[in-house]
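So, here's a batch of structures to check.
Below, chain A partners chain B and then partners chain C, in two separate complexes.
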Partner chain A sequence: MRPMSNAAMNAPGSAEANSSLGNAGLRIPGQPDMWAFVMFEALIFSSYFIVYMIRRAMAGDHFLPAQEHLSQGFGVANTLILLLSSWFMAGSVRSAREGKYDIALRQVLLTAACGLLFVGLKLLEWSDKIGEGLTLSTNEFFSFYYFLTAIHVLHVLFGFVVLAVAARELRSPPRRSQEIVETCATYWHMIDFLWVIIFALLYVMR
Partner chain B sequence: MSASIAAAVTPRPSGLPGRIAWHWRHDPKAELWIIWYAMVFFYILFGIVFVLLTHVIPPPQPYWDPPRVVQWFNDHHYGLLSGFGIIFLVTGLVAACNALIGYSIWRMSVSPAFAYSYIAIYSLSATPGLLLTAIALTVGAMRPERNPDLIYWLYDMAIMCFDGTMGVFLIGTLVWMIAILIDKNNVFPKWFGYLNICNLITEFVVAPAWVFKSGVFSWNGTIAFWIDTVVFAIFTVAFITLLKRVIVRDDFGTGPLPDGDARTAIHPEA
Partner chain C sequence: MQTAGDKRLSIVWIVLSGVTLVSWWIGFDHHTGPLRLNAPITFGVLSLAALKSRIIIQEFMEARRAPRLLRRITDAWLLLLLLSLLGIYSIGMGFHL
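Presenting the complex of A and B:
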């Protein structure tokens, strides 16, 4: 397990950087430690999803009318924004591999901007629902809605710290660890992946 | 380091009493091992008391009315008194856990302020998370003839202290996580630093227990209690195991920890 700070500090053009580029297709991107975390998070969220599905099946028709109150527009917009953010993040990893650090940094900032937009839209959606009198304790569907979306937003907030780490690596020539940028990208893609399932369960599934 | 050398050249006898005596005399890590075993003893005792003796894990139902709560206290009268009697005797062992984790942070390349913060936060957290629960349930069990409404109040207070105050651990977990992730001495693997995020999230997941009296988000619900408890149990087993590895690897130096046993790393012939 290589520590973050001791990770391959690949200066552009160095042998290590070139080797990293050459073997990009043969190795796990980023730290294996982050992949272990992603797997564990996926297990935890899967358990939430299974509980939701069981409760939904047990509740009969009670979930459907509540689900009608959700705005598909918000859900689709949130999904597109996060997919776009993941696209920027993937671009950042590619740019960093090619030694285009300025572009990579800009793409990380665009990822963060999408993340901010996502959180802003989520806050707007929550305030909209609370304004309609639909709160955490209104019914079981909305309990799950607020719980799943809030836990996901918490992960997005952690994601801003992760993006800041990536930006710090890309800004400073002595750092610029490809492994850390990939590790940060892995976390951000996890956020996207989890949201797509939450979107499907809460907004789409009937 | 000289103690390490002495330990390496003195043959270790076979048999448990002989080995214990050898470690007591020669092992420079004997003190760390005492603290580690004290921590393991505390967690085992905690499990036995809370699960088997007092039946607080899993927590009883939050929607019960006062007569049913009084009945629960009567059903577990002796278990509550004897179980929490044991807890009052051994609560001080929390200091062993905090000290060992504090030591592991102190062994990192980060500022000792992280270790001090962690120890201070977790020492304070034991009061609502453990002692208040034990006191409230013991007071409830002490006089079964007490007004049922008062027993009901003690019941809510006890379970919410135990289950609902997990957020007090939030900052402590955050401090430990940051220390692990920025550490250059490789004291803990980075995956454990990331696992701290999962433990940290559980502190938020329990929050709906303050709102719901039944269902998956209540204090004994599938999400607010069971999934959280499984994550916490995995986290606890992970950190106890990793602390053992830290002791084995510790070379009492200040730089990166060796990957293997520090004694054999220094003296491969030992």
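Presenting the complex of A and C:
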């Protein structure tokens, strides 16, 4: 007989889960510490976004000629890929909750594959721009472009470690913890919503 | 078999991808010539980005099933960020018009 997993024990709606809620069935997905970290990261990125907007507003329309050199195709493709990865990851949380661990593991691997594709496209885009002579020091817009995209890619790279933790949890029956899978998903989705804002600020706004 | 929850996630993903394409279309250079400052496009795409972020937080991150405090904090952050960005942009436009 399969041992009862933590996932089953902690599943929303279970007696244990409900007893610890005290909020009409509402609960924080994953560990609250991860949510605190996500909000901390959101504030750090917000400060970058606001500094970028201040510099952009002060420069009038001087950022726009530089922005014309960005390929919106890369930006849109990256956004769609990250949204797809988030869909897989959200599906993984659901699958694990329902005890479908093989499917959940596969969805985590698909999330990682999307992440790899995102990083690969980003490297291709950077090499394309550097090939055109557009580097970190070309102008202020490209300084922000490389800074914001690079710091975001660093978060994606750390996301692979987080996904590895989720995969490890899902592979081993005695280790399975729904809370940890949800915690990993919370981190991954943060990468997604931060990129959505970066995409609007760098590629699309005028 | 696809559950109601799976279907909801799929709909959320389709909506987010659709909004991304709409945002791209809005910001796309529909005519030749240099890009120009454009407040309606900027307000539109930044508002759509905030909306997409909210959907990701509420649906994919399951904040809609979290205690109200968490939802209020995330909503307040997004609203404050959006208003700050649009406010700074508007002030900049005022100086350069």
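In the analysis below, the second predicted complex is superposed on the first by the 181 of 206 C-alpha atoms of A that agree within 3 Å, B and C clash if a C-alpha of one lies under 4 Å from a C-alpha of the other, contacts with A are read in each partner's own complex, and residues count from 1 in each chain.
The rule we apply is simple: a contact is a pair of C-beta atoms (placed from the backbone, for glycine too) under 8 Å apart; a residue touches a chain by one contact, two chains touch by 3 or more.
Because the structure is predicted, anything quoted here is derived from the model rather than measured.
Legend: residue contacts after superposition of the two complexes on their common chain; A:A164 is shown touching neither chain B nor chain C. In the overlay built on the shared chain, the residue A:L124 is in contact with neither chain B nor chain C. For chain A, the partner touching the most residues, choosing from chain B and chain C, is C. In the superposed model, A:E41 makes contact with chain B only, not with chain C.
Contacts of A:I151 after superposition: chain B is touched, whereas chain C is not reached. In the superposition on chain A, A:R27 makes contact with chain C only, while chain B stays out of contact range.
Overlap of the chain B and chain C interfaces on chain A: none, as no residue is touched by both.
Of all residues in chain C, those touching chain A in their complex are 3, 5-6, 9-10, 12-13, 16-17, 20-21, 23-24, 26-29, 34-39, 41-42, 45-46, 48-50, 52-53, 56-57, 59-63, 65-68, 70, 73-74, 77, 81, 84-85, 88-89, 91-93, 95-96. Contacts from chain A toward chain B in the complex involve residues 1-6, 31-34, 36-37, 40-41, 44, 47-48, 51, 55, 136-137, 140, 143, 147, 150-151, 154-155, 158.
Residues of chain B that touch chain A in their complex: 181-184, 186, 189-191, 193-195, 197-198, 201, 204-205, 208, 211-212, 215-217, 222-223, 227, 231.
By the touch criterion given at the top, residues 12, 23, 25-29, 35, 39, 42-43, 46, 49-50, 53-54, 56-58, 60-61, 64-65, 67-68, 72, 75-76, 79-80, 83-84, 86-87, 89-91, 93-94, 98, 182, 185-186, 189-190, 192-193, 196-197, 199-201, 203-206 of chain A touch chain C in their complex.
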